[in-house]
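A short worksheet on the structure shown next.
For reference, chains read A, B and C in written order, and residue numbers begin at 1 within each chain.
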């Protein structure tokens, strides 16, 4: 099975789970991921735990929920789609008029077939998310009464998240963060953890110079809790980080800059995209929307940016039931995976070299230069000499690629050859 | 009476006075201005006093001047227009031929109805400034003789200037400088002091964080004298300064940069113009012409730039009798006043904030964020979060406005709200 | 005789000599140049001497070489054109088939009338460079045998180069480097030393603030040897340097940047070209090809760039017999000479001034300003005041020219006047 199909198949397994900020859905998701990432450690923070300006909320359990008509027929049923229940709804069990029910309904008039995704984490509330068509049906029976039933529980429990650290030769580390708190949505949820697992596998496949850290966090509160516990360590070691989100559809490639757009992560992301999808869409930090909001916040200042396919907020299916398994594809996921893997490769291959001799070396002696000098020694010799001109201890290979126009892969070949010949050494 | 009319009415009062570098015209002008600016202190420097490379010239008094024909009829009469006399003309009383007279006449062939503005401050001389038509009439009688009469006096006296300091909470100060040495001209003279007086009144209308200094100087020598006496103080305290000149006509908005164009004054001026008159004309320091020549000179290096309507040298009526009360208007003056007032507001509101918490704050708890999360939280929430992302202690609000695209007024509302909520504090 | 004709006539004298990396051709060339540059010192480095990563090769002597047919007729004759022999060919004297001979022939199918320039300095080899037509003739007799004869000698001898230092008032020096190792080629060889000699004469014609160093080096190995012996001195004193190469044809003006394009030499070169040939071609260091490869290498880091007419590698006659005396012209050489001389003038006139007084000086007192002030004091006064605004001790005259738009020549007139008036002084 090729990479795209593997990713899609894993996504299919995770898609149906009813996730939220806390609760069984998160735990089930992490358990499934841990099968692929045995290094993953499951961490917990209790309800009420403080994290910077935040407190961990109560844990939420949801078992059943429906709106039934007078005949007892379930018109809206949580078991049909987990988006039907507003996240963190408190329990309810009563018979009410449509008028009263209507205040607890969420739908999208412009997208009559879509169930919107709505939550109320920090204020006690209950609600049902329905298609515009379902709302019309409920309204049609507005002379009747409806039985609204939510079997949920809010209690002192835990916020759960996963962390996976893969040690490399050095302590310098690359951070990948993704979230695991949305119910059944595909591009803007499942694509992230699925890619993270695949990247972890890729990293494990060879010895690495750098260390890698993967975070599987409930969005926002999970990132805040994690940072409140680990900020010093991250600030000391992380040289580049990437949000893994919205990486599954096939429509676009997007890049969202870090706060000032000037970190190594930004450089690597743009470099990775430049040679494959030069037409990628570039977003400023003003358009952010995931945990880079925390990672890049003032004082936290981690070098984190995002590479996405169609960016959250920017595609019509975003945060609705239309963001389903048909929106993402093996090809879409594989494209996202490839560009993230390229970031890993660029970071692993990121090297700053310095020349061992003054002036140009005698290349001919080393078989690196044609013995007979005739016009136009050819591109490969010219490229090699151009690399030697800029391996002056101040440029990394990305810089040299920018200066010389030599793509990263070829550049690595050249520096390997020059290093073997003893003409440059790694700083 | 609205602002524009008040400004215009004050301009009308000052316009007829015959000002020059020294003498009663300057003193009368300062007296009238002092009615509106009671804080103003009148300063004097005696003839011969040294100021850097300069010496204060003799004081000049002018009482009457005319050219009369043989019948005794005044063909050119100082009492008809004070521009008729070349500034600093020495006394004369003789009957001469047209040929001899002609050497002492100044007119503008291209603008036959305009009297030019001419001075000879530093070389003894006398002359009459006439319209090209008057010159033609004088020439027509060239077989006759003319009586030239100038009742003037050059004597050891004083250079006079006004200074007004309005203390704010801090010693950091904003400098406004204007000149009071041109005879009856409107845009390129009266608009400046009139606006300065109105700005002083505006500043006095509320408690201010910053201190403000207004200078009413005879151009060039006045600025040189003032700087020779006060440079250390200004260098210590002035954070931004503006020349007030040519602020009365309705044709254009102009900005003239400081020497390197990189001071806080330049930033504020461009910011003030950007959101109201994006099509303003931008001039480099190479096109300068007023006392920024001294304020920005090497070694003086004060952060001074200019905002103008039609810039001196650039409009046809400049330095002629056509620069009269019909050239400026209540609307023109009010426009100039508004943009300068905006500079004050920007400077007063110029604040560098720093966040009090790491990561994003919990906005919902504070009623600053909708409790129920549904797609698109709206622009105001987004703007607020974007402000919080850049209040990192390195940006002032102008910077944040440039980064986020939020206009200054809205930005202040947001930071006030955030400061009230204890989420940011003023550095 | 005008400059162009003198240059061309000297080029004609040097053109026929059979130069190579070492040997009599280099020595003869230096002897002829020394007639014009008596200060020149001839230096030698013995075969096998080490220089950074290199060793001085054996010396090569070539006396005769030909390919004769069975009748003894010389089909290819070194005496007809010295390009016919591959540089550093070892001796040979045998009768061989065309098939065997063919492996030792070099020609250019696309330029059937051109003899290519080919060398094999660092690997023992022999060969003949021929026109495509000659190759065809040889091939036509491929059933016959050919007598190949090369009377050459490779032996422990010397690498020879010339150095000329002209001391100025200060130790700060300007470097000019050219090469003397190509056989009969005009633009890409002779134009360089000929211009160097003329520049030395120009520099000697007047007292100079700066010192000047001219190097006449066999390319690459000569530069490496020279640098290995003199690097510290050069790094201490050289403020700008220029390669003198390809300066004789009339087609283009070219500039090739130093490694990062940010040295004083780059600035001067661009300034020299800007006001005379604004359409010059600009090449990055990636397109380099002469001894700037050594001078600008990492760790050597000398501020060296190149001004050329048609750049090596970029014109069709390059490195062939078509680069002959008809390719260059008196006009072409004179143009090249003039722009290099302008670089000298700019460097000699490169001055950083500082004002002696605060605020603008009283120019009228000094006769530098019209006594009577009327609109538009004219460009010359404005230019003078603009210069005074930027002689603040941080800008050299090139900077001031860039800021004010005043060409270098006029700027020097102005600063001379201001210096005479005691208003600025040289730092």
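List of remarks:
Operating definition for what follows: contacts are C-beta pairs under 8 Å (C-beta built on N, C-alpha and C of every residue); 3 or more make two chains touch, one makes a residue touch a chain.
Keep in mind the model is a prediction, meaning the values are calculated, not measured.
When chain B is fitted to chain C on its Cα atoms, the angle of the rotation, on a 0 to 180 scale and to the nearest 5, is 120 degrees.
At the interface between chain A and chain B, under half of the residue numbers involved are used by both copies, so each side presents largely different positions. Averaged C-alpha coordinates give centres for chain A and chain B that are 56 Å from one another. Shared interface positions of chain C, defined as residues touching 2 or more other chains, are absent. Put simply, chain A touches chain B in their complex at residues 51-55, 86, 106, 116-123, 125, 127, 220, 223-224, 227-228, 231, 259, 285-286, 288, 293-294, 296-300, 313, 318-320.
Chain contact summary for the complex, chain C toward chain B: residues 354-355, 357-362, 364-365, 371-376, 382, 385-386, 388-393, 403-405.
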